[in-house]
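Note that the chains take the letters A, B, C and D in the order they are written out, and that residue 1 is the start of every chain.
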């Protein structure tokens, strides 16, 4: 049994309209014989059969539009028994499946998304990203006032960011020494509880979520401030104004020298993992020059630490208009007396500088020991 | 990864923390935390970069072993053999 | 069938060969119709059915060192020239094993071994090439000729006139063979040419010309031998107008509105294959078992060619731009490996 | 060092090729008796004879097609089409045969053909004789297209082109034939794959070819007076384009102007601008400028012809608006 199908009618022909049969069911047909007529836009075309045999059943009806390959009749080959033959439901166009697999469509290059706001040349946009320059602040000298890479280079160089920063720090420190009567206190703290807790805590965490002891120090200071509000606020126009929020300024040393102290907002209310994330974000952005000016202006107290290299203890200068600054020295192995026996412990020296116009040594000492106590129960931080 | 690739990975991780890293003046066998004035935050970023590149989780206890370039390479190579062997 | 004593040796063996060659082309193209309807052969397909005598007759007189340039109606020329049915069918399937790595299809068969410089889809597009190939032969003192096949449609193209003039002016060994099948696609020659005796066109460029019965393979062979020898001897071009007829549409498919069925039937009475068959039978040079044996051999060859083409490979997309130019190092010239 | 002309460099190149390789022959309208419509082949027919210096009838389809055929059969023809304006008749042979046969024959046939043609405007010969259609040819895969702008290239490109197994089209701008200059002794064949930086600069890259290369150099001198240092690149090859040399320069200067005598739409300048956008987008400080012919049939009167085609002052103006306020 063979299907007689609509033949491919030429390079530009997808379908043909069936016109008429020249044979009726039961007639003999021989190879090359014309047995039907199909209409194409070029005109009527006689369709020949390639299979000799007997015309079994007619499927195509006059006026029917049939795609190339659609079955039009069933032909029983010579010598085949007549058999009930249900015409197949959908036109199986197997023969046409010999085309090669289509080549992958080429991926359209991703179009750069136009940025709103000022015109910036692509070169300027790339250079600004590299140098961490904020494009908003630049005046363009290119066509239609566009910002060019030369504008970015000029902004980065003039005068060198580090020199500008040096001047700013210098001015603040000089004012602080002039106006703020500093008093200083220092206290050694056993850090083993924190370090042990951290070791077990970090084993459960993936690398990216590990917590540094620095975060514990910050949280301890932030929580302790609840009971010692006189160290958290601003001294402005001759009076101290305590701050309801606790924005811890974290002093960050910069690769090419210089220091910035961006704030971690509401440090007392941040759970430890989020505090760590905030800390890491601030430090990384500070070191890449990516800080926003707003983050540098609203600390209510500052904490500074010398990390692993540096000195045993330090006596920092308060950032006006703040009224206190907390400092942490290096972590060192020190003999420590516990129940009368001497044991080795990791010890850190914590120091506080206070503004004597606002607070005094006694409260300072209590504040310092409160922080030390908190650091003995790190799980509560 | 072979040893040359491991060393390149280590230096790349280090460079991500110290942008203007000058490999010529870095003694690979010596502790780089002092040589490059790297604090705990930088070191954490360095470890994170290493783990991302080598897919090897480095516990805190092993931080001592990866404080120098050569130390890190040896640690990673030895660790790589163990994980592929299991 | 007129008597052609001259050079052609009309023994049984030779006549059987002519018959077999024509039959081979006929059956090959009939199978192509079926394959085209089934979608295996795509694009354009121009059939030679009815004109077989021209390719078979001509190729007897065209030597291995001679060059051949033809048109898109080229299957007969390719097979008669010695290109295998396998390679030709594979080319029409678009497979890598085809004569042109599957890139050319029915209209662009190329074969360096037989100096078959291609079909050409641009009417008269190949004629200047033939002139140039003959120019090269002349400049190098080679005695081979260039056979340039084209149809009556080409006569209307500028390239035809410029090529004939140049070949005649520079005395180049080109054998122009015009297969005048009376129709340029859908335009009868009477509606395309003011002068329909095409030999007159050639003579206007001082080229010796002769009309030939394009349905009589022996007549074609005799005329082509004489013409080819003349071209070889004199080095000057010669023009044959083979008056012939195609039994099928210009290409698959056209409804042939431009001619009547009666005219086609009239010409079918002089089918080149049946003409030769009858003439051999009358001269009792054809034995009863000959035709069935030929049919069987030809059918086997064609079935094998189709199977070969079916099994062929698609060229990998990675080779898409291979052979556009010669690959060479920038700045340094080396012959392509 | 001998002072000579572009036309004479072309003639010497032909003489050398004809002497070195017996397969080489020259075919074209009035190349023999008349000595070449631009007198580039004077004296060759006397030395090499009418067999190898063939004057052709005015049958561009036939003799260009014959050139392709002769190359197909192993000769090394040089076909001179008097000007690009007449080459349109032969485009079918060039595109459908010369550029196509190697690929479409599955790599079987080679066409080591050189086609030379004059191009461009500037001689007040009106629209039909003043076309600049290099981009049509540089669009077609399967042929190589070069444009000698200097005497050294006019002298050296022909032999390299003849040795190339694929068709090479050489465009010689009509205004260059009488260009005078010095040609070092023994200067021979040159490569035809790379562009050349003829003038270093840091502020903008001028990309040009053929006659307009000289206009770009003139513009560079004018720009220097305004403290704008232009780097000038002679394309030399129009297909394939030497992207590497172009992008290296543009990445340095961050600005580019392409000078092309074709009409702007679909011009070679359009193709080069698109490639700069694709390959050096993030190095640009301004959009790529283009100085092309006005989109008009080139008019006969001098003042109109000059207004229609690229000029140094147009190049300077285009460069200037790539810079903002204080250029």
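Keep in mind that, in the parts below, a residue touches a chain if its C-beta (ideal position, glycine included) is under 8 Å from a C-beta of that chain, and two chains touch if they have at least 3 such contacts.
It should be emphasised that the depicted structure is a prediction, and the values quoted were computed from it without experimental measurement.
A.B. asks: Just tell me the minimum hop count from subunit B to subunit C, counting one hop per pair of touching chains.
C.D. replies: 2
A.B. asks: Would you mind checking which chain's mean C-alpha position lies nearest the centre of all protein C-alpha atoms?
C.D. replies: D
A.B. asks: Please give the pair of chains with the highest number of C-beta contact pairs.
C.D. replies: The chain pair with the largest number of C-beta contacts is C-D.
A.B. asks: Determine the centre-to-centre distance between subunit B and subunit D, using the mean Cα coordinates as centres, and give it in whole Å.
C.D. replies: Each chain reduced to its C-alpha mean, subunit B and subunit D end up 56 Å apart.
A.B. asks: Quick one: subunit A and subunit D, Cα centre-to-centre, how many Å?
C.D. replies: Each chain reduced to its C-alpha mean, subunit A and subunit D end up 51 Å apart.
A.B. asks: Measuring centre to centre with CA averages, how many angstrom lie between subunit A and subunit B?
C.D. replies: Here subunit A and subunit B have centroids separated by 24 Å.
A.B. asks: Let me have the rounded angstrom distance from the C-alpha centre of subunit C over to the C-alpha centre of subunit D, please.
C.D. replies: The separation of the two C-alpha centroids amounts to 40 Å.
A.B. asks: Determine the shape of the graph in which chains are vertices and touching pairs are edges (line, ring, star, complete, other).
C.D. replies: other
A.B. asks: Who touches whom among the chains?
C.D. replies: Result of the pairwise touch check is A-B, A-C, A-D, C-D.
A.B. asks: Which residues of subunit A touch subunit B once you look at their complex with the stated criterion?
C.D. replies: 199, 202-203, 206-208, 210, 212-214, 253, 255, 279-280, 283-284, 307-309
A.B. asks: Quick check on the complex: what are the subunit C residues that touch subunit D?
C.D. replies: Checking each residue of subunit C against subunit D gives 67, 69, 98-104, 108, 110-112, 117-118, 120-122, 125, 127-137, 139-140, 158-159, 162-163, 165-166, 169-170, 321-326, 330-333, 335-336.
A.B. asks: Once bound in the complex, which stretches of subunit A touch subunit C?
C.D. replies: Touching subunit C from subunit A are residues 5, 7-11, 13, 32, 40, 42-45, 48, 50, 68-69, 95-96, 98, 100, 103.
A.B. asks: Which residues of subunit A touch subunit D in their complex?
C.D. replies: Contacts found on subunit A: 109, 112, 121-126, 140-146, 148-150.
A.B. asks: Give every residue of subunit D touching subunit A within the complex, in rising order.
C.D. replies: Of all residues in subunit D, those touching subunit A are 254, 278, 281-286, 321-326.
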